[in-house]
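First subunit A sits with subunit B, and in the next complex the same chain sits with subunit C.
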Partner chain A sequence: MTPALIALRAIVIREALRFVRQRGRFISALVRPLIWLLVFAAGFRAALGLSISPPYQTYITYEVYILPGLCGMILLFNGMQSSLSLVYDREMGSMRLLLTSPLPRWWLLTCRLIASTVISILQVYCFLAIAALFGIHLPLAGYILVLPALVVAGLMLGALGLALSSLIKQLENFAGVMNFVIFPMFFLSSALYPLWKMAESSRVLHDICAVNPFTHAVELIRFALYTQFNPMAALWTILAGGVFLMLALWGYDPARGMIRRKA
Partner chain B sequence: MKTSLILLNLLLATPVVAEEIWVTNEKDDTISVIDVATLEVTRTIPTGERPRGITFSHDFSRVYICASDSDAVQVMDPNTGEILNDLPSGEDPEQFVLHPDDRHLYIANEDDAVTTVVDVETRQVVAQINVGIEPEGMAVSPDGSTVIATSETTNMAHWINTETNEIFANTLVESRPRHAEFTHDGAALWVSSEIGGTISVFDTQTQAELADITFEVQGVHPDRVQPVGFEFTEDGKTVFVALGPSNHVAVVNAETYEVEDYILVGRRVWHMAFSADKSLLFTTNGVSGDVTVIDVARREAVKSIKVGRFPWGAALRP
Partner chain C sequence: MTGLRIHNLSYSYGRKQALKNVCFSVAPGAFCALLGPNGAGKSTLFGLMSRLFTTDQGQIEIAGHDLRTAPRAALARIGIVFQQQTLDLDLTVRRNLHYFAALHGIGGRDAARRTDAALDRLGMAERAGERARDLNGGHRRRAEIARALLHDPSVLLLDEPTVGLDAASRAGIVAHVHELATDNDLTVLWATHLTDEVWAQDRLVILDQGRVRADGHVSDVTGGQPLKDVFLQITGEAAI
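This part shows the complex of A and B:
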């Protein structure tokens, strides 16, 4: 095994161990979207009249509509969670240990990214299984075809988390991330309501939603769950992921980035 | 040689007509024809004013259409879409039923409180039977001996003897009965009541009520649960019931009279028709102007197809 792969394995195992040991984190990661699905969506079931828009071919209940958005929510929150743990690592000094490895820094960071994405995807599948128990079924092929969409969306949101973690000086600042990143990103997207519904109330809000990379991540997942491919959403998600990763690498570059300024 | 044989076969073969569902569009004065294989509208045919009830002759060479506001039942050639002739239907025909003899149409005249019997060959009115106010639902027993007319305002099912063309029994049902059907064996009659929100089941022999089926759709106000059209599956064990503005189709066990499932469809679902193999069910959704296709085995809506404005009736052309 090459040193690069050894590093990848070590980092993934470390993240997985951390995840398994923090059982509360696992449960809370599932409880959040489940509350949205079973409580919020139930309340809105009749309130939101949904007309048919692709990839759907007939009328659907609100629960069915927000399911892909909630998958996106798991990826988003996990991306942020891993950025939180990066800040924690930095404060505790284990980050320094990691970055002193002879391997290129971009690879170490990418390993972190892959590790957090793997964990996120496991959670998404757990969530989809629980949703199926509650009677929200998808086409069988959709459960398999969604995997690449989850990987792309997970990497993009994880990269965003990495980029943000390079900006956050202290653990306490994480509340700011919640307020200024997670909430606007989640609510200004197609996760909870279709974009045409948004356009009915405000054109500006619709346009903001339309450029939000999270919207595209959700649409990529939505189409994949119904065995369809949305090239526009895929392009946007990959593009945004690339930009966020560049920002993260820049942020963690000791010669130029935020790390230096902080030091 | 082989190629020429194939060519000869192709030339001799009668043109195969794709299996179709014909849907009357009440506000557009048209019929939308849906190809069952592709689930797409293949053509739109103009009709008289406000087409509602629709049924094919037994050999599918003619299609009868209740053009309510034209006060006529139109006879159309389904191959050309050409109106062959009008039948004297009486005023405001809304629904009708074709007798198993393939010759007599029993037509509900909503405004006149009569049921008109028309001979489709001679194009003559054979009889007019006085029934309750605003007759609508029409059904004929499989043996052809009894025809049912339901009157929306009198809230009754009228049992008509087809030999004498006289009413021999009346049964009270819930408010505003809209649709009636006999079970395949003719042993029971089912009548849906729109405002009452129920389906009443009667014994054909005694006209005694066997059951009263009620519906409850999660998250929908009971006032909006209005059963209208319904259809039996081929084995007669299951009934699909259109529940009007609740936007759901109920799946009822015809043996236990229990509602087993609700399927979300378009807005104000009215009537329905099965595909030839009974694997698909097509529901007309008036307000949303589309037809929802239900996978009968999976009890799931698979697609909604845009048709004209206010689709009303549906009929299969195999």
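This part shows the complex of A and C:
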């Protein structure tokens, strides 16, 4: 095994062990979308009427509609939580350990990103399994075809978290960023309501939703769950992921960025 | 070839100059104490030496490798003990060390062999299976030093490694690292603000307000006076 792969394996295992230890984090990661699915969606089922629109070929219940958005929610929260732990690591010293490795810094940060994405995807599959137990079934092939969509969306949202973690000086500042990033990103997207519905109430809000990368991540997942490919959503998600990753690498560049401010 | 060479190094945080024309070198196998009061610029110097951040002003050479032009070769030759704890407290000492070995691209049996050797060197072999959380402060620092030695570095950098330890643990760790320098031909740079951690035969660099105020063997710098008094005179700070 090459040194780069040895490091990748170790970083993924460390993240996985950390996640397994933090049982509360795992439970809350599942409870959050389940409450939306089983409580919020049940309440709104009667209030919101949804017309047939791709990838759905028939009328669907609201629970079915928000399922992909809630998968996205897991990826979003986990991406941010992972970057929160990066800020914590930086204050504790383990981030220094990572950054002073002789392996290329971009690779070490990418390893960290891959590790957090792996954890996110495991959570999404747990969530989909529980949703199936409550009667929300998807095409069997959808469970497999959604994997690449989850990888792309997870990497994009993880890269956003990584970029944010490089810009945040202290843990205390992170709560504010969570509020200013997670909630707007989630609510200004197609996770909870289709964009055409948003357009009915506000054109501006619709346009904001349409450029929100989270909308595209959700649509990529939604189409993949129904064994379809949404090329525009894929392109947007990959593009946004690339930009966020560049921003993160810039932030962690030893010649600039935040590390020196914290020395 | 020098173990460590710092040449004309300057660094500033905005308008605040943290280091100004810092120059000194440490020969292979030498223990050099970097003595300075809080805020002298020691941590900035460590940040630059470990490439957490970089500067255009000056040069850092580690075991013959220029940190700017050959950063990976230079980083592969240094072991660093940070002031902050880097151990994952919920993992065993062995797992912590394996993780670090992997960050250096060392895996499998080689990592296991090096982990055993490094722990043995620090008298920590019987603690390998304990969780880092269950170790006392002194043993945690030893585990950190064992971690920093895993990849057989030529230069060991320690940034105030005895912070928060009781007197006996401090003395034990100071003695251990002196032995390491002698027995393994390891270049050691030990940053501290505590004069009692400096031994009479050590190399000494006194850093104050970002400048080197004294550089030489302890006896040359002190001229027979107690180091504590000399340090006080030079820095005007209260030494312990």
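Here, the second predicted complex is superposed on the first by the 259 of 263 C-alpha atoms of A that agree within 3 Å, B and C clash if a C-alpha of one lies under 4 Å from a C-alpha of the other, contacts with A are read in each partner's own complex, and residues count from 1 in each chain.
Here, contacts are C-beta pairs under 8 Å (C-beta built on N, C-alpha and C of every residue); 3 or more make two chains touch, one makes a residue touch a chain.
Keep in mind it's a predicted model, so treat the numbers as computed, not measured.
Of the two partners subunit B and subunit C, more residues of subunit A are touched by C.
Applying the stated contact rule after C-alpha superposition, one finds that A:57 touches subunit B and leaves subunit C untouched. By the document's definition of touching, neither partner reaches A:23: not subunit B, not subunit C.
Contacts of A:103 after superposition on the shared chain: subunit C is touched, whereas subunit B is not.
With the contact threshold set out at the top, not one residue of subunit A is in contact with subunit B in one structure and with subunit C in the other.
Taken together, the subunit B residues at the contact with subunit A in this complex read 218-220, 247, 264-266, 288, 292-293, 301-304.
On subunit A, the positions that touch subunit C within their shared complex are 1-4, 6-7, 9-11, 14, 17-18, 21, 91-94, 96-104, 108, 254-255, 257, 259-261, 263. By the touch criterion stated above, subunit A contacts subunit B in their complex at residues 42, 45-46, 51-52, 57-61. By the touch criterion stated above, subunit C contacts subunit A in their complex at residues 13, 43-44, 46-47, 50-54, 72-73, 75-76, 78, 80, 82-86, 88, 90-91, 98-100, 102-108.
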